[in-house]
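What follows is chain A paired twice: with chain B in the first complex and chain C in the second.
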Partner chain A sequence: MVLDSDTTMADQPGAKRKHDKHVKGHEIAAKTIKTPPFSYAHLQLISDSDNIKDLDSLIVRSHITAALTQFLGVTGSAISVDILKVEGTECWIRVPREDLSSVVAALGGWVGGKENEDKVGWKVKGSGNWLSILVGERGREGIWKE
Partner chain B sequence: MVRLKNRYLLVNILYPELGGHYLQGRKAIPDVVEFNQPTTDALTAGALMKGLKAEIANVFGDYGSGAVSESITVKYLSPATSTFILRVSRAHYRIAWATLSLMTQIPVKDGRNCVFRVVRVSGTIRKAEEEAIRRARELILKTRQQLGEKRDSILDDIFGSTEAETTKEEDVLTVDRSDSEEEKDDSDGDG
Partner chain C sequence: MLYDLNVPWDPSQSPLHLQRTISFLSELGYDTLALNHTLATLTPQIMNPIPLVPPFTIPKKTVLLRRCTLIIADPTQNHRLPALAAAYDIVALRPTTEKAFLAACLSLDSHSLISLDLTQRFPFHFKPKPFMTAINRGIRFEICYSQSMDVSGDGGNARRNFIGNVVAIVRATRGRGLVVSSGAISVLGCRAPADVLNLLGVWGLQRERGVESLGVNPRGVVINEGLRRTSFRGVVDVIEGGEKIVKENGKGGGEKEKRMQGTPQNGVGKKQKGKRIAEETNGGATPQLSKRAAKKANGDLTTTTHRRYPQQATSYTRRMKEKIW
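Coming up: the complex of A and B.
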């Protein structure tokens, strides 16, 4: 992400004309963030059965920990996952940037649920470095489906 | 055919729980020797592999097991010197190394507490072997040094011992394998 900002000399009341003559151009500052500290993912819990209960933070936490522990062991369960928001059957999480690919792989491949109950799993609806883009992409799926 | 690259880890098994064992003559065993004491014969290559794979599955999960399972082998194991050489694929050798660091006891029934210390990583098994020989020689010299001041007086005490901490009086004869043996054969003679 590149931020450009132009700064020009502000006009002051009674500005010295002599000083204005030396204002040649704009000052441009650019900053590129190559390695943001966190990455974000948008998840949805899906299941075979039609009636799936609404999620709460505890269920999200236990499902995510189970998925990470199965795929990555103790080191997986140690990945710090922050649950940002839980809404219905969807949730938003934040992980350190270098762990995003491992977490997405772990969540995608996990199947949960006891033997006599219906299976559940995570669907990764989006993941990336910038939360704003993830939020903006929410309506993307509904474009072609009426 | 793409060449499969491996890494060979030379690993020592150390016993840092110094128990204050004594030789027949009530003289203390040097710490160096007690650290590097022999391992029980119950540790076979199979037992070591089984314990290591179980620990990898515990620490690194399905990903770790899958990454190293095809390539991990015990190439050399000597319980007497508590040393072994492990072969792992080059891309994932750090998984095996980290797992060894986190293992705390010998992977046999009622295994003793120990420390697995990786002392050398090399691309060929030959360099790992040479390092093992070099370290064994250094260990003997260090032991003799520690016993050095009282060597004459306790010679009788240690002479009859059958444990590994025996040090004989004769010089340790070692022949160095020259690294450039093959190069000599291939080089063009200039004159």
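Coming up: the complex of A and C.
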């Protein structure tokens, strides 16, 4: 691609020079976000049994509410959790930044499932302020496993 | 001085019930209460159904104001807010959609309280920007603490939604610009100020901000609404009281006397228009001294101004002019 553009430029040297005259300097603006409004977490549902059914949003919602209620009561269940994506047994959620530590603690320490059924629990695969980093970390786990 | 700006009032309410609520709130320490009439639709003729004088006795130090909360969903409709503002002492808005909420925060003008129904789940997140813009404009956000004890109905969702919304509002505003009121339909919903502060402290409202939201902020709302109704753009305030009847202007004095007797014995007396009755000029023989100048000439010191709200100080220049310290 780069070679192509070079040759086209070379064909029209006059156009390139004209283009140079009108190119202005770029303004650099810097912004620091100290307190992002939301934090994100990457969760996986683990279970005693061998086969877990694939998750859907409703199951995720009910498990998360149960975990928060068990740990923090009504205030915990009042924490606004947005479910961003559900894939297989994993899911991504978004919570307000100030609630991240409470949510991660609640999810990590929860064991659910009825008496005669298999127990389930949440494994927190990652959490942080930036979603892009979380998503990028997915690949990191696979590097050392094989 | 503590304020409770939301004591729900209903035409079908039993007056005895309301009296009990008012006297209990007064015992807990709230001096100024506002009876709140919630309106969803407007009648063609806007009238204030809350009686000026309550049909029962209220504790002596209690001041009752009349407030209305208008539920709006569509800001483009004409809600005749100025007419509403003329009929009630305080006007609050209850937006139910994001569009209405943004309009109430940024553009609409006749209200000074935004009272969201915190037991509902809102389809939008509470961002700091519209909240702080509204607060800088002078609009305050109301939190009714009795809704947190609403265990009835809706499967306990009311409490959960209330807590989530309160936490979000406190975070978006950092605790500033809030007004806390009871919203109590019966005595069971009323709590003492210390209890209210503790409760809201659990959900993130710092103690100092909580104290402000019980005293300073509602006082600001009450005074601003009063100023809006009795003065021209907050600059010219109509003074009354302390006027002696001048013997020269017999006719004008008679009129003034009548006006003073006609003053309703309302605790705050905000409802009067307070415009001076136009004086009829006398024969033309006597020089046209203004009444004020005439009184001053008589050596009458009662021409000092009485502010309607005693906490407000008179301006420095005025004090210099009248030599009061």
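The rule we apply is simple: the second predicted complex is superposed on the first by the 118 of 146 C-alpha atoms of A that agree within 3 Å, B and C clash if a C-alpha of one lies under 4 Å from a C-alpha of the other, contacts with A are read in each partner's own complex, and residues count from 1 in each chain.
The criterion applied here is as follows: a contact is a pair of C-beta atoms (placed from the backbone, for glycine too) under 8 Å apart; a residue touches a chain by one contact, two chains touch by 3 or more.
All figures in this text were calculated on a predicted structure; none of them were measured in a lab.
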item	value
Which superposed partner A:Leu72 touches (first chain B, second chain C, both, neither)	first
Which of chain B and chain C A:Glu141 touches, first, second, both or neither	neither
First (chain B), second (chain C), both or neither touched by A:Asp54	neither
Contact residues common to both interfaces of chain A (with chain B and with chain C)	74-75
For the chain A and chain C complex, residues of the former touching the latter	37, 74-75, 77-80, 96, 98
Complex contacts: residues of chain B adjacent to chain A	57-64
Chain C - residues contacting chain A, complex	125, 127, 156, 159-164, 167-168, 171, 202-203
Residues of chain A touching chain B in the complex	68-76, 102, 105
